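Please find the structures below.
You will see chain A twice below: alongside chain B first, and alongside chain C after that.
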Partner chain A sequence: MSIILQNIFSTEFVYMWIRVVTPILLPALGGAICNRAGVVNLGLEGIMLLSALAGVLGSAFGGGLLAGLAAGLGTALLVSLVFAYFHLNLKADATICGTAINTLASGFTVLLLFTITGEKGTSASLKSFSFSTVNIPLVEDIPVIGKILSGHNLMTYVALLAVVAVWFLLYKMPLGLRIRSVGENPNAASSVGVNVRRTRYIAILLCGALTGLGGMYMSMGYLGMFTREMVAGRGFIALAAAAMGQSTPIGVFLSSMLFAFFDGMSNTLQLLALPSQFIDMLPYLATIGGLTAYSIQRARKAKRRLAE
Partner chain B sequence: MTLKKANLLVDSVKMLLVIVVALVLVTGIVFAVSSEPSNALYNFFIGPFLSLRRVGNIIEGACPLVFTALAVMIIFRAGQFSMISEGAFFMGAAIAMAVSIAVPMPTGIHAVACLLCAAAGGALVASIPAFLKKLWSVSEVVTSIMLNYVVQYFAIYLVTYHFREMQSSSLASLKLAETSLLPGILPGTNVHLGVIIAILMCVFCWFLIYRSRFGYQLRITGCNPSFAHYVGLKETGVMVGAQVIAGAIAGMGGSIELLGMYTRFKWTETPGYGWTGIVVALLAKDNPLMVPLAAAFIAYINTGANIMAMNSDVSSEMAQIIQGVIMLLIASGALLQRWRQKLIDKAAEQEQAAAAAEQVQA
Partner chain C sequence: MKKQLALLLALGMSVSLLAGCGSSKTTESTQPTGTGSADAAGDEAKKVVFMVNGSLGDKGFFDSCQEGMERLGSEYGCEVKTIEMGRDETAYETYFRDVSEQDWDLIVAATWSVQEVFEEVAADYPDNNYLFLDGEVSSDNMIGITFPSNEAGFMAGCLAALKLNAGDEKIDPSQKIVGFVGSMDTTNINDFLVGYIDGIKYIDDSIKVITSYVGSFEDVATCLEMTTQLYNQGAQIVYAPASQSIVGAVTASSDCDKYIIGCDTDLYSEMVETDPNLVRNVLSSSLKKMGDAVVTASTSLWDGTMSLGENYSLGLSEGTVGLADNDNFQALTSEEIRTQLDDIATKVANGEIEVSSAYTMDTAAIEAMRNEMKP
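== the complex of A and B ==
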């Protein structure tokens, strides 16, 4: 047990913690924007998977990181557009729409991978690029903090900056006000001239871009290649983080950190003689537990307010 | 044309349109990725009918989908979006494996015991997100999906640590007891007794939803929970009940798939029947009696995709793409809505005219 504690209170663990939060935080921020606009985007998982593959293919065949980034982002936006069209124009239920996107994504990624590489498991045979790691000058020289904060993947810093950017968007920009108003009361927003559908389109596309970055991080940072079903529920965990963080950037950041902690724990706990399946369960159990704890506290608060 | 007929006409045309669009899309994708598209398409569309064994594959493939689709249908009917049928199905299969291997019983009774234990296991799993929602309104969508992963790892743990066949290099359980297996019913194929149970289950669900007291409460709750509440129904109880029943059905489906099709538990991840069940349920349009047909259609696509993968350069994941497209299109409420409205208006006008004519006569 003490080995585990020692491991958790080490700079390596905190470094890894920040590493594993990236692919949860980015889609969670996207999901938060969608939630704020009144759209629950269950398709995060599928968007991540598709952009993870698109990034690898783009960088392998486009001959560079930028091509990969463009392909990944383009794919994420395109899929989001499909989701938005079916949900907003054709009035399909968001949950079913999202599930459909996820089903499509897990089929299409394997089909495409197989067509291009002849393999169904990984893209190992392709020479794809990864985002580089960034050493922050000055910070990297600070003893403990430098080891934790510096030397991360570029996308990790993008994720952390995105927290600030989403905060700025939601609370300091007219677009953010429109997004929030559309989610809170679409009829009221519509009555003062906000185009509800267009605002939701924008929210879904913004969400798609952030989610796409999260997906690309999986195959171009977290790992150096695409493997089938590599997102492994992170899109859903992100959705839980967005809900638990009440769709505020800080709340989303904190709940993402919480879920990532258990993800990181499961890496560390491999040292124990526990059956590995129980360790594999941990991130998912933690998400259920976290969401439940949050809901209990919310229910209590509501009751208290009712009593007053 | 009456209102009912108008709706039926639009629904049928929409269904046809959805299937045609999906199949045209498949053809397009095959032409894009294959170097021998006509061979691939021939195997996909015609292949499943070329031998009795393949037709058998369709029927066997439809069997698990019937159970998960019925589960999804009941859950959706209650206005809930629990995705638990995937996990309940897998839990059912795992528990059936445990009962089959660990508890010796005489032939016949053994299978029944496996099925019932599996149903109980599925119900238990499905009740978790249901109760979390009832007690503290935790979103059942996310908790059920997370629980699916937990169940998956739990089942793999059971196999790995308690029932593993040590002789085998890949993960597989010990041999299931002969006494618990479901017998085949169609020589030359693997079609097993479970198919009959599946059809009986559809009839049972039709009675449950449309002819029982609980079904009436279920439909009211699903349509309008506040209304259900104000007429004195325990709407949250109905929601939980629906999910528990659905879990039991999906769990039983898992055990039937295991005992009918396999001699060992060989899955290393959940097979996805729960998700596919959503497509089948949407295709069957809230009617349990249509579920076998819808399941057979999706099983035909799955079988076709497998045959195509064996005989050409297109992978079998094509089936998932079709399922996704069908799901998107069927869920689109606005599709053909204008035409439906026109027909309904016309029907109403005719009705009024007829009523007026009657009055004049009187």
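== the complex of A and C ==
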């Protein structure tokens, strides 16, 4: 037990925790915006995977990081646009659209990778660029805190800033108000002149951009290359984090941190004499536990509302 | 009406996508060149089909098999074809039955996850010949080939221990710990572990081993985190039979600037051109030369040195298992270590050293072995 605590309270663990949370937090914030607008975007996983590959290809063939960023973001926005068109204009079910994106992504990325590199597993043969790590001046010199907060990938800081940005967007900007109202009651919003469809388009695109950044972090920050199925369920965990955080930026941040904590724990706990199958289960157990807590809470709230 | 149409369209789209995935066949057939030694293949060109449960591009096992298939095509004038069956295990039986109905001289499949269905189908087609790689079979029309993963692990263990004791600026002599990161806690991966531990003990039984399992073949990021944890916990060298997620382990070794030993594919040679910095700490890789095995098994069957209904083990003594020898291996290990390793390989090959195997141990015994090695 003491070894566990010793591990968790080490600077390495907290540093890793922040690193692990990044690819969950970014899409979770995106998912939260979508949820707020009344759209459940199940396609986060697929968008991440597609933009992870697009980022690598863009940077390899565009000859720089910016080209990669543009390709990754562009792909994420394009896929989101397709999702939005099917869902909003053609009124297709969001679950089906999201699932289609995920299925498409897992096959299409391999096809594209094979067509371009002749390999089906990794993009190791391409010379692609990665986002650099950032050492924050002054902060990096503070003992303990400097080791935890400084020296992360650029995308990690973007993710943390995105929490504030999304909060500002949702609560301080007219667009945020429109997004929330469209989600709460589209008819009421429409009756006061809010264009429901356009607002949802914007929400889906914003979600796509954030999710795309999360995907690019996987292949251009976490690792320096694309590998098949590399997102490995993080899009779905992000979806759960968005739901559990009740789609508020702070709530999403906290629930992402919770999932990342258990993920990090499972990396550490294995070194102790615990069966690895049990430990591998922990992040998912936390997901189920979190969702259960969330729905109990919501049921209570609904009951209270009824009582009033 | 419009809504229904949209729904139908979306449904159609996803169904066609799913179907597209289900039948993700890529066929690569090499025409007989005629210049090859046709006599090895008999009067007529032999037709060989390789059924991949998954897809090529794993930079390991299947790619290595495929290399052997290509050699059968180019050097032995066989007509070869590879079918990638994808990850949908429910579709495998249909694939196997389809090829069994066709006129292949030899049908090849590999790994434990297809073994049961492969044997079932083979039993229904007694006139066909089947080659199963990486496992033992018991049908009259099949040949089973096993690769002693434990021997591969043993060599990796010896290398790790020898390098750890030899010391280096990247090795902290106060920590006598090495690490192991596997993809799954399954017998085929644990066979590497058991051999690895044996190898380490053979050199120096005061060295401890810490182990982790990614729990996935593809989750590179988790593999990166776990390997980083191993280094943080004091492991000086990590051995990584982690399937495709191995690139995560390599990234960790580069980030932490510690040594790593790869598995099943010569990581250093594969990636040195595109990213020399990433693979600078790859000491070597334990290799199972599946390609050699495919060629050896097929040709031996045709010339009568191997016969149907038997199982064969191809290991260090046949040269199908060993450590990757590349520039980095030469640069990072001393002449003395290399001679010692050669010596050990010979001893394992001629049976002087016996390596334990996970296949003959039960889960509890492996668990005990793993825990006993923890610091």
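In this section, the second predicted complex is superposed on the first by the 292 of 308 C-alpha atoms of A that agree within 3 Å, B and C clash if a C-alpha of one lies under 4 Å from a C-alpha of the other, contacts with A are read in each partner's own complex, and residues count from 1 in each chain.
Just so we're on the same page, a contact is a pair of C-beta atoms (placed from the backbone, for glycine too) under 8 Å apart; a residue touches a chain by one contact, two chains touch by 3 or more.
On a predicted model such as this, the values are computed, not experimentally measured, just so you know.
K.L.:
Quick check on the chain A-based superposition: chain B and chain C, clash or fit?
P.N.:
Clash.
K.L.:
Is A:42 touching anything from chain B or chain C once the two structures are fitted on A? First, second, both or neither.
P.N.:
After superposition on chain A, A:42 lies in contact with chain B alone.
K.L.:
Could you say whether A:230 touches chain B, chain C, both of them, or neither, answering first, second, both or neither?
P.N.:
Second partner only, chain C.
K.L.:
Counting only touches as set out at the top, which of chain B and chain C does A:161 meet: first, second, both, neither?
P.N.:
In the superposition, A:161 contacts neither chain B nor chain C.
K.L.:
Considering only touches as defined above, state whether A:115 meets chain B (first), chain C (second), both or neither.
P.N.:
A:115: touches chain B, not chain C.
K.L.:
Applying the document's definition of touch, where does A:124 land relative to chain B and chain C: first, second, both, or neither?
P.N.:
A:124: touches chain C, not chain B.
K.L.:
Output check: A:218 vs chain B and chain C. Expected answer is one of first, second, both, neither. What do you get?
P.N.:
It touches chain C, and chain B stays clear.
K.L.:
Report for A:100: first if it touches chain B alone, second if chain C alone, otherwise both or neither.
P.N.:
In the superposition, A:100 contacts both chain B and chain C.
K.L.:
With the two structures laid over each other on chain A, which partner does A:267 touch: chain B (first), chain C (second), both, or neither?
P.N.:
The answer is second: A:267 touches chain C but not chain B.
K.L.:
Which partner does A:91 contact after superposing on A: first (chain B), second (chain C), both, neither?
P.N.:
Both partners, chain B and chain C.
K.L.:
For chain A, give the residues common to its interface with chain B and its interface with chain C.
P.N.:
Touching chain B in the first complex and chain C in the second, residues 86, 90-93, 96-97, 99-100, 103-104, 106-107, 110, 114, 120, 233, 275, 277, 280 of chain A appear in both lists.
K.L.:
Show which residues of chain A lie in contact with chain B when the two form their complex.
P.N.:
Interface residues on the chain A side: 40, 42, 82, 86, 89-93, 95-97, 99-108, 110-112, 114-115, 120, 233, 236-237, 239-240, 243, 275, 277-278, 280-281, 284-285, 287-288, 291-292, 295-296, 298-299.
K.L.:
Looking at the complex, which residues from chain C come into contact with chain A?
P.N.:
Answer in residue numbers: 2-3, 5-7, 9-11, 13-14, 17-18, 20-21, 24, 26, 55-59, 63, 185, 210-213, 215-216, 218-222, 224-226, 228-230, 232-233, 244-245, 247-248, 251, 270-271, 274-275, 278, 367, 371, 374.
K.L.:
Applying the document's contact rule, which stretches of chain A touch chain C when the two form their complex?
P.N.:
Spelled out, the residues of chain A in touch with chain C are 10, 12, 16, 19-20, 23, 86, 90-93, 96-97, 99-100, 103-104, 106-107, 110, 113-114, 119-122, 124-127, 218, 222-225, 227-230, 232-234, 263-264, 267-268, 270-273, 275-277, 280.
K.L.:
What residues of chain B sit close enough to touch chain A in their complex?
P.N.:
29, 33, 81, 83, 132, 136-139, 141-143, 145-147, 149-150, 153-154, 156-157, 160-161, 275, 278-279, 282, 313-315, 317-321, 323-325, 327-328, 331-335, 337
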